[in-house]
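Chains: A, B and C, in written order; residue numbering restarts at 1 for each.
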Amino acid sequence: MNATAGQGWSLHPDRALPADGGIREVARTIFDATRTLPIVSMHGHVDAGLLADDAPYADPASLLVTPDHYLVRMLVSQANAPGPVRDAGVRSAADLGAGDGGSTERDPRTIWRRFCAGWPALRATPTRYWLEHVLVEVFEAPVRPSPDTADALYDHIADRLAQPDYRPRALFERFGIELLATTDAAASSLADHRRLAADGWGTRVVPTFRPDPLFEIARPGWAGELAALSDAAGVDAHDYDGFLDALRARRRSFIAAGARATDHGHLLADTTPLAAEDVRRLFDAARRGSARPEDARAFTAHMLFQMAEMSSEDGLVMQLHPGVLRDYDGARAERLGHDLGYDIPVATEFTRSLRPLLEAFGHHPRFRLIVFTVDEDVYSRELAPLAGVYPALRLGAPWWFLDTPDAMRRFREAVVDTAGFYNTSGFVDDTRAFCSIPARHDLSRRIDAGFLGRLVAEHRLDLDEAVATAVDLAQTLPRQSYPAPDGAAA
Amino acid sequence: MNATAGQGWSLHPDRALPADGGIREVARTIFDATRTLPIVSMHGHVDAGLLADDAPYADPASLLVTPDHYLVRMLVSQANAPGPVRDAGVRSAADLGAGDGGSTERDPRTIWRRFCAGWPALRATPTRYWLEHVLVEVFEAPVRPSPDTADALYDHIADRLAQPDYRPRALFERFGIELLATTDAAASSLADHRRLAADGWGTRVVPTFRPDPLFEIARPGWAGELAALSDAAGVDAHDYDGFLDALRARRRSFIAAGARATDHGHLLADTTPLAAEDVRRLFDAARRGSARPEDARAFTAHMLFQMAEMSSEDGLVMQLHPGVLRDYDGARAERLGHDLGYDIPVATEFTRSLRPLLEAFGHHPRFRLIVFTVDEDVYSRELAPLAGVYPALRLGAPWWFLDTPDAMRRFREAVVDTAGFYNTSGFVDDTRAFCSIPARHDLSRRIDAGFLGRLVAEHRLDLDEAVATAVDLAQTLPRQSYPAPDGAAA
Amino acid sequence: MNATAGQGWSLHPDRALPADGGIREVARTIFDATRTLPIVSMHGHVDAGLLADDAPYADPASLLVTPDHYLVRMLVSQANAPGPVRDAGVRSAADLGAGDGGSTERDPRTIWRRFCAGWPALRATPTRYWLEHVLVEVFEAPVRPSPDTADALYDHIADRLAQPDYRPRALFERFGIELLATTDAAASSLADHRRLAADGWGTRVVPTFRPDPLFEIARPGWAGELAALSDAAGVDAHDYDGFLDALRARRRSFIAAGARATDHGHLLADTTPLAAEDVRRLFDAARRGSARPEDARAFTAHMLFQMAEMSSEDGLVMQLHPGVLRDYDGARAERLGHDLGYDIPVATEFTRSLRPLLEAFGHHPRFRLIVFTVDEDVYSRELAPLAGVYPALRLGAPWWFLDTPDAMRRFREAVVDTAGFYNTSGFVDDTRAFCSIPARHDLSRRIDAGFLGRLVAEHRLDLDEAVATAVDLAQTLPRQSYPAPDGAAA
């Protein structure tokens, strides 16, 4: 960025392109071919209700600060250290409006001031990079955040939020989004998607089938999940065969609502199926509340194999992203809720884990598996070699903690050699921060342009090929990786 | 490359050198010092019979497409996706002539057309980089592959293959190969090497002793391997002492045929020796067909220790490259044969695994161990610290999936700090694609020139030192790392 | 460097800055803001007696060669290979004065000549980089080491060592060291620190509390360690409660002597506490000599948790650096002594291991944990996500084998995205080579300037922010990460 007091604030047109002069010029040419392409956002967490309601956003803090738990976690991580964050009064997430309890800050302007004061803590993070884009490109912010500018910025954004052009659907149009996939529980009524369809938005916003809690039989909430699934599917899911039938029924409902994919996030990537009698025994033990941890892991693995089988039948793309220890901090998970910054990656094995699934379905002409990881070690060692041989497998984009300029570059450097470009799935933003979607796709296209630009500058690829590849990465591959199942509403 | 229609096709002289202007100029100077040095190819899979027969190659497809399973796997990985590969009619390896069965394509021109159509799928892969070199530098191809150029290219290459200058021995001379090591089963008759020796090529093409199947006592073929070993060695290998004697005898025969090294590729790097009574018990159990998987692993580890001991006696260099799960896809392995694209790496431990061997032989003045990995994680964590202290240990070049421009650069960046340059073994091409050998060595020298050029440009090394180092990496270290054993034929 | 015969030897002012012209210029500006800042050296192994005695150094070899086991190990690793090291007569560490026994070389000039002959083996290593700085900047060496210059260099340095300006305290002043932390056994008398305090140096050189051997109950020396602890603390440490009391007492003594931190280097990062009865049972078993390996690991983990609890009470910063298999080579450890080059890293888990400690103390306002690793894999996968959420946790600098130009760059690239700059602790030199301290801090500042310069050149950070960040990394963060405990002598 360039921020000169009194002259406004603008983003540099070459931001996030390689600094080297020779590469930058080529990268700029490549980026020009993709910068205005529509956004295909096939894996994210935007709330469908946001677009169904199309209500104005409330205020800058509840839009940009409190719900962004990656911003909140970074500010909280500085709460004990002398410095601007602590000086601004941040001791815990509650001081930024997150979590509940009597001490939670409720005044949006106070929260906004704390965020502005803590701006230096975000230096060089992707959170900062995306926020700059949101502030400048979406809200025309005139100055960068600081204690001195906090109030003016707040007022500036609040003013924009009151205008019709800043409502969610207007932004959706302005952002150039072609297709947005949300993430939805298996038992979801999909009511918001029906409302969207009624307004003619059914082919622009589609659900994704995410049944994770149903496959975790040792968790306290499992019985409730079964009941909800039974209700939603209109099939009694309390024995194993009914459970499979109910899942198939829900997948059909999702397909009818436009879904392209399923999504699975368990600790392990294991996909070993169980013998029929063994899975029935486990299911019944779980029903009696006596499933052991090893039973739970075996059941999850078995169900991932079942999901692959169902996908090979109904055409939903299967997405897998294992390797994160959820709710790492028990006390915080209880207080703040699930998945709010305390999910921490662990080393994750894919080669042996995916073997049963890939031997069975890896060459199936109707099956598509997209695998994500937050363990960079497996890129060159396991995932690229697998994606470079199995027609069914594509590598998902760098995800979560790896969705950053340097990590996206490392992803390309580690996988393209062995997997090529065309066994990757295209960028996914994986975000619930709707306003940040263009920033994230823009950044991804810049990094890919830089990577391709280097290949051209090193005479490893011709410029025409690099431009064609960039367009494929931004548009062809996400469209092609998530095709509409045959029976889809369209 | 530069490919302008009508103007022929040439490779850019600066290809694969760093794009940065300051570094590139230095790198070019460094590369100039190594570009025409002879090739010392100490670890590969060229068939000795190819050079013993010296017959003309049959056609472009059976030379460059069908046997290159890394080309085949990449094209097949695109078989289910809309795009040029599928459009060209590739559904499986059989469509490229690989595998057997009634449906296997036999027409070389059809196979060649499919390859040319699938060319875009290879963008940025090392396969593409090497093929460009082969096409342009070896066969003077006038245009790059595409559906439009396929037939002309085919005819062009077929015409060259009919000329005496394109027979294997003529190419060997043209490539400037000083020494080529093949890989040979322990029970090999070494007949092809004898034919080469009879023609005066015995000091240019030498065998390598690879006894892997003999050390896998739980595999179905083990009994047959023992019988073959007994026959070849003229020693009954059906009890453990005879087994060791037969191995020693075969090693002597290999040394007499010019061998410099042994080569060992098992799943684990474990080198723990067993007590004498334990190994005899395991051997006898295996003879009865009752060896368990853990017995098999223990026996493999024990035999690696024995190989180190024998190497310290007879002077054969020991090469170790663990960490690949072979024949990952059971159905494909049965249909296509072994090691044809479905070998996938796994995380591999070296520190604890090599300890018994290194404690016993790591300072032995006659012992040399060269270790390869496809798990990049161990470069800086395990292998560089080990190579930086044990006189017997050298790190092998980046191998297999890591034999690529970016991975070769990462190798130097990860190991030179701790291991220095002089504890690495020099480049090995590890290929069965004879015509690609110059391309691979040329690329390796370019990457090393780029790495050294950066050190010079960052004032971390003087130019004269960088040039001397580059020559050592290309020539001194491979020669020195694989010395002729004392008793070698010479 | 630039070394032109006859013109002296000087270090290039831009050394270790990025080669790219655009980045380098920015990096130079950033580096200029930190190059003369005082050195805050909070984690090292300089012998306090060196500064307490302030005696002249004996000779160049015993200063720069023999005690630098990373220099010695690299030269020894070349002992079996044809080349300059072997030609100079190096067969083992004894030939460089290291280890004991009848054959150990005692003539410093001979040792120095061997080092100078072996200089090429150090190309591109950090040892070489630091030595150049020491030779040129500290000792004004006129020529680089080589067989031809060895004697002149020896005489030149020996002449300097005889001058008062080259005594340890004079060098300390010249180096601009603000604060130096040593590493001291829990039972240390801290006599050298008392002598320093008596000379007014007590606030410039402070001890660090390192109780490792006390937490390894299965090691032969444990009983002796308990006795020494009891004596030093004046508390009977032979039952578990007394053991804790004695540790608390020693921590108080260290705090009184100016200590800022504790330091813990065990194989694992596990911090699982034991129930009271279990730990008493283990302690008593250990007293009887019957602790099993798994008991020892459980006790170590328990004690790390106790150390965190004590730190939350007394304010000593807790430093953790697991993951190294010590004394890898049994025979060498016995002959050469401990920790002399044969310590080799292993893969190390942090996410699950630190969980008990972080759940209990990760948000404690008085607790500070600094974690180091030699396993780069965990940077982006485990440590950055943890440091980016827990206020108590900071990432230590790249350490030991990772304290190199390229590895320091990789550290920033891997962690800053998720942890930011301000959850890192600043550089630590971790060295016993006193004269190399300025070289190490200088190099670290150059690498950080290069990293920040790239962010500026890629328009991801403004120059003013980059300069401020560089100063914080060099000065603010090390000061702030190691605050004086409340009860500290000051």
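One rule holds in what follows: contacts are C-beta pairs under 8 Å (C-beta built on N, C-alpha and C of every residue); 3 or more make two chains touch, one makes a residue touch a chain.
The UniProt protein names, listed by chain, are A, B, C = Uronate isomerase.
Predicted model, so just to flag it, every value in this text is computed and none were measured.
Taken pairwise by the contact criterion, the protein chains are fully connected, each one touching every other. On superposing C-alpha atoms, the copy chain B (Uronate isomerase) sits rotated by 120° relative to chain C (Uronate isomerase), to the nearest 5. As for how the two copies chain A (Uronate isomerase) and chain B (Uronate isomerase) face one another, under half of their interface residue numbers coincide. Chain B (Uronate isomerase) has its Cα centroid 40 Å from the Cα centroid of chain A (Uronate isomerase). Residue positions 20-21, 347, 377 of chain B (Uronate isomerase) are each in touch with at least two other chains.
Those residues of chain C (Uronate isomerase) lying in contact with chain A (Uronate isomerase) across their complex are 20-23, 347, 349, 351-352, 355, 358-359, 362-363, 365, 368, 377, 380-382, 384-393, 413-414, 416-423, 454-455, 457-462, 465, 468-469, 480.
Put simply, chain C (Uronate isomerase) touches chain B (Uronate isomerase) in their complex at residues 1-3, 11-12, 14-21, 73-74, 76-83, 92, 120-126, 129, 325, 328-331, 341-342, 344-347, 374-377, 401-402, 404-407, 410.
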